Each structure stands twice: as C-alpha cells, then as structure tokens.
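Next, two complexes with chain A in common: one pairs it with chain B, the other with chain C.
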Partner chain A sequence: MTSNPNQDLTFFKPNSIISDDIINSNNAYLSVITNTQGVLSNWLINSLIENSLQGTANLINRDLTKKQLNRTKVTYISFTNNKEFYVKNLKRNGIDVNFNQNFEFIDYFTNLFINKIKTDEDIPKLFDMKLDPKTVLFVENPEILLYSTNLSSNRLLSHILSLSKQCAQTFIIASKDLIDMENTTNDPQDLGFKLHDFLTKLYHRSIMNINLQPLKTGRAKDITGSLTVSKGSIPSNDLIEKEYVYNITKDGNLKIYYR
Partner chain B sequence: MSFRKRSEIIGGTRIQPTAVDRNPRQLPLRIPNAAVPGRQPINIGVRKQEIAPIAKQDISNNPGVRPSLVTSQPTTSTGTSDLDKILLHQGLPLGTSLLIEESGTTDFASVIIRAFASQGILHNRITENLQSHIIVLGLSSTWSNDLPGIYKGSSKEQKKAKIAEQESKVSVSNLASNDLKIAWRYGLNQKKSEEQNQENSTYEHYNNQFDLTQKLTPGPNKADISYIQLSNSYQSIISQIKSIIKQHSNKVIRLIIPNLLNPSIYPPQLHSANFIIPFIHSLRSLLREYSSLVLISSISLDLYSRDNDVVKIFENLFDGVVILQPFDQEMSQLIEKAYRNEPSKIQQGLVNIVKIPILSEKGLMLVHYGEYAFKNGRKRFEIEEWGIPVEDGDKDTNTTQEGGQTTKNIDF
Partner chain C sequence: MSNQNSVVLLTRLLSLKESSPFHLIIDSLLQSSYYLIEEYVYKLNNSIDIIYLSFETAKKPNYAKEFIDCTFIKPDEIIKKVKSVITTSKSLIIIDSLNYFENIEVTNFISTLASPTTTIIATYHINVPIPKSSIPNYPSALSLLTYIASSIFELEPILPIDINEEELENEIAKLNIPVNLKLNSPIFKCTLTNRRKSGRSIIYKFKIDTKLHEYEIIKEAQPETNEEDESLLKDLTTFNLTTSNKQKLAKEQVELPFMQAQESLGSSGGAIVYEFEKDDDYDEEDPYEDPF
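Right after this comes the complex of A and B.
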C-alpha cells in the first residue's frame, strides 16, 4: 500500500525523488537545478545525494524511509566547493561519504585555475572520464568556465552531454543570478548571454527543471523561498509538476509546504 | 574532620583523564588496557587525535579567535563589533571571505577595512608571540600609516581609569579597603560576580574599539603586515600569498584587498573577466585550503553596479556580502532635522546584507535590505536597526511641570 505524502517533496510518481525507473533505465536523463542569491540549493543537493545512495530522503520526504544498500553510484563534480564541504553537510543526512564507496567526488574547485586549467586547451581534459552507467552525476556550477575562459556555451554543453550520456541521471546545478531578462544582449562574449544561452539549451535536453527563488513579496520569517518543479523538453508521464514553499531554520531543520 | 565530595574517589592513585579514556566512572584499579585476550579496546579517540592537525588546535587557542555563536567554527573579529554582530557568528569565521560593496563617493568601507587590520595588529600586541599577520594586496606600505588606534574612552572615562589604576596598585590603604572585609557572605557574593566576569573575559582580547581620530601606536612593522603588489599573473599573486601564509603558520592571516578593480590601483588588463574571475575563484580555493585565512575586500558600486555581471559573480564567490548605502542628500537632511537635538543619533546610511558566511550556503535566506543603518563616529563604526526617524514637535512644550518636580524629588 502506498501512502500519500503529506506536504513532502515528490518529483516522480509514485512518491519518489529519483525514481527507480530512471536509475534502471537504459536512457540517460538530464535535470537542471537553478538557484539565486539568498536561496542556494545545497540542502536539496544533499537530499538528492542521500536519495541516490540509499533511497531515503529524511529531510524532504518522510515517507521515503526504506534504506536500500548500494542503490546507485554518485559522482559529484564541483567547481565551487571542496569535498570537505559535502562531507560536513551530508553528515546531517546520516551519510559519511568518506566511507561510502559509491560516492566519488571530483574536485574541480581546489586550484582549478592554478593547476588544472592553465590554458583553454586544458578544459576538455576535465570532462574526459568514464562513468558507470548506473551513476547519478552532479555537476555543480560548471558555468564558472564560461565566465573565466573563452569557452563558448555550445562547447560547455557538448562537454557536459558527453558525460551525461554515460550515466542514468545527471543534475546540472547553476546559479541564475546573471540572467537579467530586462537587459538581454546577443553579444556572444557577454557573460550573462553565455549563461542564458547555456541554460536555455540545457532546458531543451532535460526531463525536469527545478528552480529555487526567493519570495516575490520579500523576505519572510517563516518562509525561506519557493521551489518549482517543471517539465523539460523530454516528455515524462511520471513527473509531478508542482510549486512548493519551504523554510530552513538556522539549526538546519527543513519544512516543505505545497503552494 | 574533613569533608570530601561524594564524587571524589577515596584511595588509589589518581589516573589523569586523557582524550582516550572518556569514561568518568572508570575506577582507578580497573586498568582499561589490561590485556584481556580478544577484548581489545577500540581506540577511536587515539586515531582521531593522530589525524587532527596541530595547526588547527593552535588556531583555536589564539586569543583573537573564538567559536562562532551559530556554528561553533573558529571565528575572528572584523574589528567592528557591530559588524561582527550582524554577521551572526560574532565575527568572520576562519576560512571565509567578506565583500563590502559601497555606493556613492564616500569611502566608509575603508573604515571597516582599516579596523580589520588594526584588530589583527592589536592581537599581536597581547603577548610576545605574534598571533596574526596582515596581507594587503595592491597598495603600498603608506596605507598602514592611517590605521586607527584603540579607543581609550571619553575624558571622564580616562580619568576614572587612572583612578582605578592607582587603586589597584599595592599599598596599605588599598589593601585595607579591599581585602579586609570580615563578613564571609561578601566573599561568596564576590565569588559569584567573579565567575560572571570570568565568563565575559574569556575572550577579552577578541575585539577592541577603535578611535578613528587616533593613530595606531606603535604602528605596524614588517612582522605584522606584508604588502603584495598586483601583477599581470594571478598565479604569481596567489603563490606569493601562499608563501606568506606558510611563513606565518599558526597565526590568523588577514588578507585585505581594498578597492577591488578601482582603476587607480588596477591597470586595464586586470579588469578582464579572464583575469579577475579566476583570481577571485583561486582566492576562494585558498581560503578553503588554509583554514587560518580570512579575507575582506571592498568594491565601489559606482564604478561597477550590482547589475554588472562581474559583481554578481563576485557575490557568488565571496562567502559574505554587505552593502553600505549612504543616504542621499534629501534623506540626510531629514535625519539631521529629526535629530537636531541629538546629533549623536544621526545615521549616515544603510547597511544591506546580501550573504552571511556559512549560513547562506546552507540555504538560509538572509538577505536584509533596509533593516540596518550605520553611523561613523569618532568612537566607532556603529551599525544599528534602522527606523525612519519621526520628526517630533517642540520638545519643550512636552515637558510638563510635573516632570520637573519628579526629577527634583529623585535628587532629594
């Protein structure tokens, strides 16, 4: 018997965050998570990693309590944080990734522009890797390459798709702060345009788009922000399009409400 | 007959508690390491102790470092106590950065930055061992000539301090007045207040109040402060900063980058996104690599507005972002009018919070616009809650005769 989740986060029917169908599928799915200043998505990422590794999502869905050992592998590529950041944060989700063999962290943050990228020719090497087909891949803030090198949005997209094709599910996490709809330009060298172009093309290859944004009415003491789940261009009958609001307290407690 | 506390163990040699044996109930005769075949204690504590880096232990013992009020992470003061408060950690957590953005032609950000530097230098004056080191990027050594000195109080307070100092000196009259209290009750009361004072004084050297009209004396020397000049290669700047950090291990390193991208300091080639973004990204990486490093930087929003892509990327890469927004002329006039009888209450602008280190990264919404205001006085740079001033009517007409009589009665 399946129970109806009460004010919990659910992305796919029936009541799942990353569904078994996606993990066991032969297709490669891509999802995009965008956030803005003031409503960063680290809490959501931690829960997605938890759900990938062991099937639970204690903080965002109280019905997903059944632990599944070795559910899937997780590869995390970050351009803005080091492994220690995730080790510390994931402890709250009951996971010590230091001792989890299914978790692999690829640090493209520490000394990225000192050791790893000396010229633009070094960029393709970053994406030259082999992944297990049953992997959930996270790529955090790859857009930093668009800002700091001469890499075009198309080239970055092709690098990411080359990785995405290898694994079951890919989450691209990006900040939307640079996108200013009022002052759009078509200058391919403009940083805002590069990001806009990159994200638009990602949306056209995704199954699910998650957007976090602050309340339009301004800051509230009991609501941190809103989270919108919407379909991408890849059709899915199981995806639940919905809007939520959520509240995070200083001690890390999280509460989700339907909007 | 002597009394013994119940918890104290009678007889036997006392084993000094160590990090390994955490069990307080352990009897002295029960030796934990006694060889019982197949029952070897798991020395997790020992392993942890071996792994823990020595440098981190030393940093937490630094008098300029205290645990954050929110996350317990080692934190150091910015030198502006009100800024420490609005950052919620009671300072800037080690390994994090703060960007101060300022609109208008004023330079209030430099007041905060100079106090940040002075605070580090004062931490070096506590003991003979140097506790902190300052690195200034892009400026010459003349910058440190104007660092603010410590606030010694108003003239009245200074006189009081002199009297207190004389009283504390050992003399017959002072001993008679202080120590020869017969009633033991007074002693007990005194003990309580001493305990309270002790709590307050645990971090007595943590932060100081600075007088903007005074110069820091004695001024900083080479052991306190290093200067790095800008160059076309951000890799060389980063490697210079790294080598200074390595030279000053076990100290809090305060990295200061004033007037970021100001054309008077930064040549045109350094304004390119291909230089400045990798540079700031590398600084963020450096902050995570060296947990003794803290960074404060400032940028003018008149030169680079918040709509500018580069500023938005900076805001993403810095851990904390604060905006100083001085009032326009109209607002300043209104405030001056409202507080014409209380000039000390006149504020100069708003302090907007965009990001707070560590907490914002956890996903907390901590953007505060128009909730705090600052005033830059001789005593210190104050930040307080902002409220639109209400223009009072004539105050003299409000004071009633009754009020006057009441004051007289109290005096009597």
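Right after this comes the complex of A and C.
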C-alpha cells in the first residue's frame, strides 16, 4: 500500500469537501461524523474548518488550493475540547483562528457543570443562540449531555434542530463507543439506548454520514483507520460514496488511500 | 386482482383518489421515505393543501402550504394548531416521523386528525430502537400503527443479488452504513398492504421508479413444485404407492357425500333447511316449537 501515490478525500462532485451549493443553499443540511476512541476525527474536523473558512483543505485534498477570503462563517460548539486545542491544531492547517473574525468558538467543555449547567433547566440556554444563515456549524460530542443529565435524546435532537435550521450546514460529531449491540436494553434511561436512539434519528436527518473506525482486521503499522462516506436519508445527487483508509504518522503527517 | 389493477390501486393511493385515511410508511436507514413522499407530491400536483408536521425536518418543503414545527410542543397542542389551519376542503397531513411519540399517545393523535376529508401520510423509522413502554405489556407504537393504518407501505432498497442480508442488517444495527449498495435510491421496492372497509387486506410488492414515475409489480419467483411427481414415490417401499391414470380418473369421479348434501339442500341461498324425520313431533301453533 505504501507504494501507492497519495490519494485525496472528496465528499461532493466536482471535487469538493463542503460544496458551494451547500454553503449558498437556503436549505439546512446536516451531516454526521462518528468516531471511536481509537480513531478520533480531529484531523478531519480541522480540515473541514479550514475548508469552510477559506476553501482549501491542504492536508486532505491537494487540488483545493484556491483560497477564498470570507468563504463562510464557522461556529464551533464543543463539549470535549477548549478553544486552545483548536487554535493549536488549526495552525497546522495554516489558520490562526485567534485572528479570524469568521470563527466563533463556544466552549461548553470548561466548567460546564460548574458555571453553565447547575440544574436541568439550564440546558435549553446552551442552545439559545442566533446564527448567521451562511454558517457552517459544528457541534462536538453533544451526547455528553445524554450521559450526564436527565435530557432525553428527543429533547437533545430538538435543541440541535433549533440550531441547524438557522444555518446552511451542520456537522454533528459524536462518539459511537457506547453502542453495544450485545447488551442492548430498551430502557429509555440506559446510556447505550439513549445514544443509539440519538444517532439513528440523526441519520434519518442527514445528507452525509462519515464514519471513522479502526481496521476490522486488527492493528496495522501503516494504517490508522478507515473512513466511510455514505449517503444519509436525505438525498444529495452530488455526494460521492466511498471508503478510504488513512495513516497518521508519528510526526503528524496524514496519508489517505482509496479502499 | 390482475397486475394492471394493482398498479391502478397504487396510483389511486398515491394521488389520494382511493378512500384510505391513514397511509403508514415504514422506512429504514437502508431506504428512506423521502422519494415516496416526493412521488405523492408529484402525483397530487398541487391539487390539495398539504400541512407538514415536522419533528425532524429543518425547513418547510416547497410543496407544503403550512409547516408546523412540532419539536417542543405536546400532541394536544399540535392537534389544536393543525385544526386551526385546516380548511373545509380536502387536505393532506404529512408527518415526517412518528418515532417521537410515545406508544400510549400515538393512536389517539392519528385518529383525532384523520377524517373523511383529511388524509394522513406518516413515516415510521423501523431502525430506531423501541423504548420500554411506560405501561407494562402495552403494545409497541408500530404494532398499534399497523393495526389502525388503512394502507401500509414498507420500503426496501433493491440490493445486489450477492449481498448477504443478515450481515447487512448487523452492520446497520451497529450504525455502520455500507457504501455503493444503492441504498436510499430513487428506485426501490415497496410492499403495499391495502385494507378494504370489509377488513380484507391485499398485499402487493412493487418496484417503484420515482425518476420515471413508473411502477411495476414484483412477482416472487416461487420454486416449482410438482405435487404429482410420481418419481418421488418410487423405490421407497416394496409396495406400490403410485396411481395409474385410470385410478386417478376414478378417484376424481367419486362423488363425496357433502357435495350431494349441498346440491339438494343449500340451493336456496344459504338458508337453513330442516328435514323432518318420522319421529319429529312438530306443532305449528306453538311458537317455541320452531326448530330455528
């Protein structure tokens, strides 16, 4: 595999990551990115932010080199990382978000349960915000609220819908670690049940599902994981369904191969 | 009913010309109801007011006259809102997902809204896990819905022949959606169950092409079974188990006793015929003596 030339990641025709049609659309599109502990999607998210802000995606698609100033706004809501984490990571992509007015970071990681959620009544306030229609919204690990509060999956989905209907494209990033088919219960308070319900209903709203998982065959030295881009329940004619494998080297370089 | 009639039935259902107040669409992560709803809209061609009840749809679809965001409101408030926008003429209510209702409230919601002038088309996602009922042993929402629906559309993708369906189901249960299997395609399989007023239900399988708006009945290839295959009976025992043609003819010509009884007695259109026997003591004057 190492003898193959480096191959590029493309989500939409013709050769784009987040297409102009989506950004300029009046619709509200939703895509789901799922990962597990061994294969996190941070590298992909950095590139999606880069592509949203300036049209390029240096690390994953070498043909997208044309920089577009003010392509779109990005609002990033994270329940698992603080702003510093992304400031540092995005520097690898050549973006300093500290000085980018189109980038807004909402930190729901730092002191979430000390300052922001004191009782369950505070949860709706987290999602009470106005977004520009030409925004790409990222919500990272909102399922944390399902585990740590009495919030039901239906209610969380309603909160997410209230945000996603305001902007052109929403990415929900969630972990699939708790989906365990062998120990499934039908108790609505069970964490596995809540997550399964939440993700399945999200898939019924999405146009694109990106799934990162470790290799089924076990660990390999030259492959970190696989990435599958599949259609969601809402059709998009331009979506390119494909399977990739990727390798992140020790020095942080990324290589992508078609499967 | 012939193949042609079944396609006519489907067309009449899609254009709401057939009397059927509640159409239930059962979809999955493999084949969503999106294209079937679009097909309804195409067939209806703006001839009816569409009220869209959204539990998971972000924006109002172009074809909807009214769009009601149902995410933060209770079922009785939804009913009030729908009734306030409904006109006296014929209207159609599309519900994007019934999975957000509890099983104890869903049938009441549907039956309150459905009427001779209001048709409901609602989708139920089969892959969404079913929560334990708050009332023990209460039926699931899906069983209740299939019980009250007048037409049920079960959607499936048309999969390549060599696909292992069990493996695919396992992957879907783990929420791993495979690629390039023509899932969520505009051409799909649909099992239609239509219930007549009499209670009789008829089931057809169609291949629906929403690009060309063509419907084709699918005939399940049945393995050929020849009941009279005499070769199966040969060499099993030392006895002769087979029948010759002459014996078969004789067997067919035997008149069975109940056939005879039907001819002589049942000829008067299902009436009960009582034949008096010699020991019967029947008094015409006594009303309690009437054997019927």
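The definition used in the following text is that the second predicted complex is superposed on the first by the 253 of 259 C-alpha atoms of A that agree within 3 Å, B and C clash if a C-alpha of one lies under 4 Å from a C-alpha of the other, contacts with A are read in each partner's own complex, and residues count from 1 in each chain.
By definition in this document, contacts are C-beta pairs under 8 Å (C-beta built on N, C-alpha and C of every residue); 3 or more make two chains touch, one makes a residue touch a chain.
These numbers come from a predicted model, not from an experiment.
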item: Contacts of A:214 with chain B and chain C, given as first, second, both or neither; value: first
item: Contacts of A:191 with chain B and chain C, given as first, second, both or neither; value: first
item: Which superposed partner A:123 touches (first chain B, second chain C, both, neither); value: neither
item: Touching partner for A:250 - first (chain B), second (chain C), both, neither; value: first
item: Touched partner set for A:106, first chain B, second chain C, both or neither; value: neither
item: Touching partner for A:175 - first (chain B), second (chain C), both, neither; value: first
item: First, second, both or neither for A:114, with chain B first and chain C second; value: first
item: Residues of chain A that lie at the interface with chain B and also at the interface with chain C; value: none
item: Complex contact set, residues of chain A against chain B; value: 37-44, 80-82, 84-85, 89, 109-114, 117, 144, 147-150, 175, 177-178, 180, 183, 190-192, 214, 219, 224-225, 248, 250, 252
item: Chain A to chain C touching residues, read off their complex; value: 26-28, 30, 34, 154, 157-158, 161-162, 164-165, 176, 179, 181, 184-188, 193, 196-197, 199-201, 203-205, 209, 211, 213, 228-235, 241-243
item: Residues on chain B engaged by chain A in the complex (per definition of touch); value: 70, 234-235, 238, 273-274, 277-279, 281-282, 284-285, 288-289, 307, 309-310, 312-313, 315-317, 354-355, 359-368
item: Complex interface listing, chain C residues touching chain A; value: 27, 29, 32, 34-35, 56-59, 71-72, 97, 99-100, 125, 127-132, 170, 173-180, 183-184, 186
